[in-house]
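A quick write-up on the structure given underneath.
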Amino acid sequence: MKIVYIVPGKMEADEAARRERILRSWADAQTYVELAVAANGPRSIECMYEEYLSIPGAVEVAMRKEEEGFDAAILGCGGDPGLDAIRELTTRMLVLGPGETSFHIAAMLGHRFGVLKTNGDRFFSSVELAFRAGVSEKLAEVIGVDIPVLEMQKSRGKIIETVVQAAGRAIREKHVDALAIGCMTMAFMEVDRELGNALGIPVVNPAKAALKLAEALLNCGLMHSKRAFPQPVKLRTGLASSYRELYVHE
Amino acid sequence: MKIVYIVPGKMEADEAARRERILRSWADAQTYVELAVAANGPRSIECMYEEYLSIPGAVEVAMRKEEEGFDAAILGCGGDPGLDAIRELTTRMLVLGPGETSFHIAAMLGHRFGVLKTNGDRFFSSVELAFRAGVSEKLAEVIGVDIPVLEMQKSRGKIIETVVQAAGRAIREKHVDALAIGCMTMAFMEVDRELGNALGIPVVNPAKAALKLAEALLNCGLMHSKRAFPQPVKLRTGLASSYRELYVHE
Amino acid sequence: MKIVYIVPGKMEADEAARRERILRSWADAQTYVELAVAANGPRSIECMYEEYLSIPGAVEVAMRKEEEGFDAAILGCGGDPGLDAIRELTTRMLVLGPGETSFHIAAMLGHRFGVLKTNGDRFFSSVELAFRAGVSEKLAEVIGVDIPVLEMQKSRGKIIETVVQAAGRAIREKHVDALAIGCMTMAFMEVDRELGNALGIPVVNPAKAALKLAEALLNCGLMHSKRAFPQPVKLRTGLASSYRELYVHE
Amino acid sequence: MKIVYIVPGKMEADEAARRERILRSWADAQTYVELAVAANGPRSIECMYEEYLSIPGAVEVAMRKEEEGFDAAILGCGGDPGLDAIRELTTRMLVLGPGETSFHIAAMLGHRFGVLKTNGDRFFSSVELAFRAGVSEKLAEVIGVDIPVLEMQKSRGKIIETVVQAAGRAIREKHVDALAIGCMTMAFMEVDRELGNALGIPVVNPAKAALKLAEALLNCGLMHSKRAFPQPVKLRTGLASSYRELYVHE
Amino acid sequence: MKIVYIVPGKMEADEAARRERILRSWADAQTYVELAVAANGPRSIECMYEEYLSIPGAVEVAMRKEEEGFDAAILGCGGDPGLDAIRELTTRMLVLGPGETSFHIAAMLGHRFGVLKTNGDRFFSSVELAFRAGVSEKLAEVIGVDIPVLEMQKSRGKIIETVVQAAGRAIREKHVDALAIGCMTMAFMEVDRELGNALGIPVVNPAKAALKLAEALLNCGLMHSKRAFPQPVKLRTGLASSYRELYVHE
Amino acid sequence: MKIVYIVPGKMEADEAARRERILRSWADAQTYVELAVAANGPRSIECMYEEYLSIPGAVEVAMRKEEEGFDAAILGCGGDPGLDAIRELTTRMLVLGPGETSFHIAAMLGHRFGVLKTNGDRFFSSVELAFRAGVSEKLAEVIGVDIPVLEMQKSRGKIIETVVQAAGRAIREKHVDALAIGCMTMAFMEVDRELGNALGIPVVNPAKAALKLAEALLNCGLMHSKRAFPQPVKLRTGLASSYRELYVHE
């Protein structure tokens, strides 16, 4: 089975290679995982505009990989930007977002979950994501680490400390009993086990969870519902012959 | 007061001029309305991917118009694509989406509203929009006209007939007592009054409603909340000096 | 266009004239606004019983003004007492409540709003109002100023101070990012701009918002839904020939 | 224990005596029940305006009966008009509404309940009542009998037939498994047992249920929460010395 | 009328006799109350497993008492374990759970209620119970006394003190205005009146409330809905001739 | 990794062996799966009482398998009876229910899901399960096959036909776009692929989904939250030294 992990934005080749190695270490023996970086996009995704900017690049990778015969794609951003669009366009390839996936897993394992975000001021994007996933009843807290994404990797200690304190309060005061990491940089720093041990609750790594879920769903023969994510009407009716024609340049 | 109506996609100059004339006929005497078509984007917006494709073009217009001193912008699509992103980026200019605006007005005037969409199979995008607006408790039905956007203008009779039948059923069976038009092409065909008379319930024209609400809110000195839609972190911290730097080309 | 602002209770002639002047300063050039004080009612509305006591007086004004050809009525109390009854009885005149209207506007501009009330112990009446409006998902906090209505005008400084402190806490702890003023006395003290500047979030003046929305909706040709607010059955079937006959004196 | 059943509107002496006899046949041996008709009010309650018109008369009876030492009052209308106001004003006497009470009992006995109303077009008033009661999750259908209240008593057969048909459909299609009668005229026609046998589900008589609940709660030493329904601020602070002073005549 | 109070677990004969005496002191003159202890079960119910362990013993008592002609059964545990199962199996006898009953009564008397539990860490079982009852909108807080059930009776002072403090905070911070006791040991210590006086809000004794509600509902001729709690399919179709055959021993 | 699939009730050795073979065919190469039948329990689970009867037997198997070093247990019934109890008692072994797991997967793949049940009259048990899982917003329909569990295996054709018809209607009328099978007998008949092809939407096999999810979560190092499912207080405080002591025989 072939799974592509799409980086929906720019990434240094070194970091991309490092993440691909980690993904491969997580994969099943019979899974081939490839990490593909979008040709264009934002440097990191920390606001709604950057979420949207990342979509055309991610779509392009997804469509190419579907043609190449990949079985599943993981949209590598905690906000799942454009997940619905990619699911509309693909016809044979399962597409998962780490955001919705990790929310569901956190919801499976406890009664109330919290989400770790880079910026606490974007709490509503997590509320919306939980609504789209269908688990908003269980989302109890959004915890902001408030460290810029591009400075995260050098701040492991500070992240752990901040999260342990903030999540500890959410556990005591808001019944939080599971945590989903909402940022891929934190995911690939693999802080989940360390946080889980410190806090005594499950902490879901969204990148790993999405990969393992993709394998599990493919093994179940399942794909996202094309009834829920129907093919764009212009493609269905022949007004456009490819997703590329949906966009008109000046 | 200066208000720009942004067409987030391609539009023939004739049709753009026609819509601008209609907008001006709706505006207050002291309001200057301008219709601005995005430089790039989709031909029409009938799927999630087209929604996302429209955002960068709309942002560009919005940012330019804010610089030119416009007081408000209306994002001219029934799905409000990227409304949150534009609200994050603007700092002085009120931004309204016709979708959320018309949902609120329908909710103000009745107990349960329905939404008219071009495609009935995209019901969930209306559910999401209602959730973002905060009025999902009152959304009772999504009615699909199921006529391609680009063929609508020649199908006035068929639209009226289809809607009167489908909305009539929603009125009888689902307590629908108000209707929001969810498509700008129908809005500029000004079918609202005709439908309202035939159905005996308020039918909200989203283009007109957004324009009149923009005027009303400006007169109240109100803008969208910058606490709810905070400036992107890279702009706030100086990592980027303009929204344009948020996107990185190959 | 002619709009009546109904004071549903007793008011000194001086204060009534002052409020009418303010309303006229807010109105469009082509709008004629009149303030009409009910013949009987409570001195101020600070409990549910006073809300109900205000209704017959307000209905009487509304019915007279509809007969006189007014286009819209604003029910001048933050709790919208009897809004549904007046909407049932009127057949041509749009009726708006400043409570529901300001809740919708606050919900349009942010993700979570708070309401300013004179008494904090009446939080549930705001919850009910938000439910009727259909925006209860976005109501996050009810803030009590806890100053009797009849002493408010001499307490401007104390009001500002109390609200800034309490709303500041709601902003930090409950994601509040917009505020609706729930009391008409505060509305006509025009504290909204001052509070907005101090708090950095939109603060909706319900009196002004209702007036500007009435103008906007009339310009859109919209009235409240008579399907949602049907004519009383005794009037419809001829058992009574006027709303006055619905009440039977000893 | 002394319980007053308040008729919040006009009623013929014969019918009042008949209802009092029925109430007494329902009461415990040690309960004294009295039916008291308000001095002024509507002839029947079939719209929101009539609901509000009934409140001052009902309050007056309630306050007098509290002074006379009654232990509980039942507000004799299926819509519970002014229940909150009467609960605010009383300080020692339990006040129950047959509407909320019967909704709770229907919710106790099944998973989804329906409400029988005289007019089907007033569905939202039941939705609001269920919200106030806190059981809106279980309200699945509002069934309109669509017979004017004043003609009901001569239409027993037609009522049974209409309800059996409409409720049968709600049972099959909307999982309705319990019914609350939402109209006191139907309650005193004692159609509940007949309907229950025909439909095979519990049918709650709101008048009887409210009486038996009042006895039960008094025996438990319980009264409505004065924290939830606080004394009006003008009475609390001495600005008014009686509820009568809250209303100001011209 | 004959009502059985089922102790779904082991209980010393002395304590059982004491509780039966209290129940009889609460009952109406014409009610015969019997307390019946299950033959097998847990010593007390403080976790989900103990809830489930109690069910077969409780079912056995219920079925025997139904055969003996009892009119109602009260399932004597605050968590209502197996209430749905007993309601499925019984065909003529009303079955009430003190948990759901007291939640409904608390919801009838105020806007937001809290629940007293022995262990605060089991908050979700109260959330679930409120959902089953249909009143989860009004559940605002779960307060843990955190004293083992078997040590409660000697800790009256500590319970009162703990609850007054914790409930006082819930009243101030979470709008709690009524309290339901969620533990039968506390119920039979009759701490409700003392707590109610100290806190100034209604405190519902679930044992007493369930008994008085059972009397009230029987007087109304009401039973739980057999449509909601249908007879097990094996009994309905004759695959089993008694509930005892549903269980197969090795 | 070692996973046990617990049959919480009686099962013929042949059928048990057949199901174990199917489970092994689904498992990863490095997974050891064992099917263990409870010593006592119901013959099949078709009512709430049978759900509860199955719990002690399932707990016994789970506790023994945890001691034997198994990594995960799947509670083999679509209703997940006692999932919370088993999660409370286990301390190192992940426990999953096919019901909640398949609901989450259906919710991940579409916007609105339906559940296939043996008896349509038990719709509320699916509603409760969806609530516990946290996905009740997405549950749109419960479809009853209405064939007794013990006769299912000989009724493949009838099942397919019934479901295709009923689910087809749910797809058209209630926006259902994914299906979860709610019965393990249907799961081991592997009707999911056939139904999926006929209906054009994902159909989740709960047995397979639970197995693949167990593997995925174990690979992620995740277990259910012990904060959400805390150890029973008697075990925690030493009042009991084993779960067996929680039950007291006569």
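By letter and in written order, the chains are A, B, C, D, E and F; residue numbering begins at 1 in each of them.
Methods note: a contact is a pair of C-beta atoms (placed from the backbone, for glycine too) under 8 Å apart; a residue touches a chain by one contact, two chains touch by 3 or more.
A quick map from chain label to UniProt name: A, B, C, D, E, F = Hydantoin racemase.
This one's a predicted model, so the numbers in the text were calculated from it and none came from an experiment.
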| item | value |
| --- | --- |
| Interface copy of E-F among C-D, D-E or B-C, judged by whether over half of the contact pairs recur | C-D |
| Farthest chain relative to chain D (Hydantoin racemase) (centres taken as mean CA coordinates) | A |
| Cα-superposition angle relating the copies chain E (Hydantoin racemase) and chain B (Hydantoin racemase), to nearest 5° | 180 |
| Cα-centroid distance, chain A (Hydantoin racemase) relative to chain D (Hydantoin racemase), in whole angstrom | 52 |
| Inter-centroid spacing, chain F (Hydantoin racemase) versus chain A (Hydantoin racemase) (mean Cα positions, whole Å) | 27 |
| For chain F (Hydantoin racemase), residues contacting two or more additional chains | 111, 124, 131, 227-228 |
| Of chain C (Hydantoin racemase), residues touching chain D (Hydantoin racemase) in the complex | 9-10, 39-43, 46-53, 55-56, 59, 82, 84-85, 88-89, 118-119, 121-122, 124, 128, 131-132, 148, 150, 227-228, 230, 232-234, 237, 239, 243, 246-250 |
| Of chain C (Hydantoin racemase), residues touching chain B (Hydantoin racemase) in the complex | 26, 28-30, 96, 100-101, 104-105, 107-112, 131, 133-138, 171, 177-178, 192-193, 196, 200-202, 204-205, 208-209, 212-213, 215-217, 219-228 |
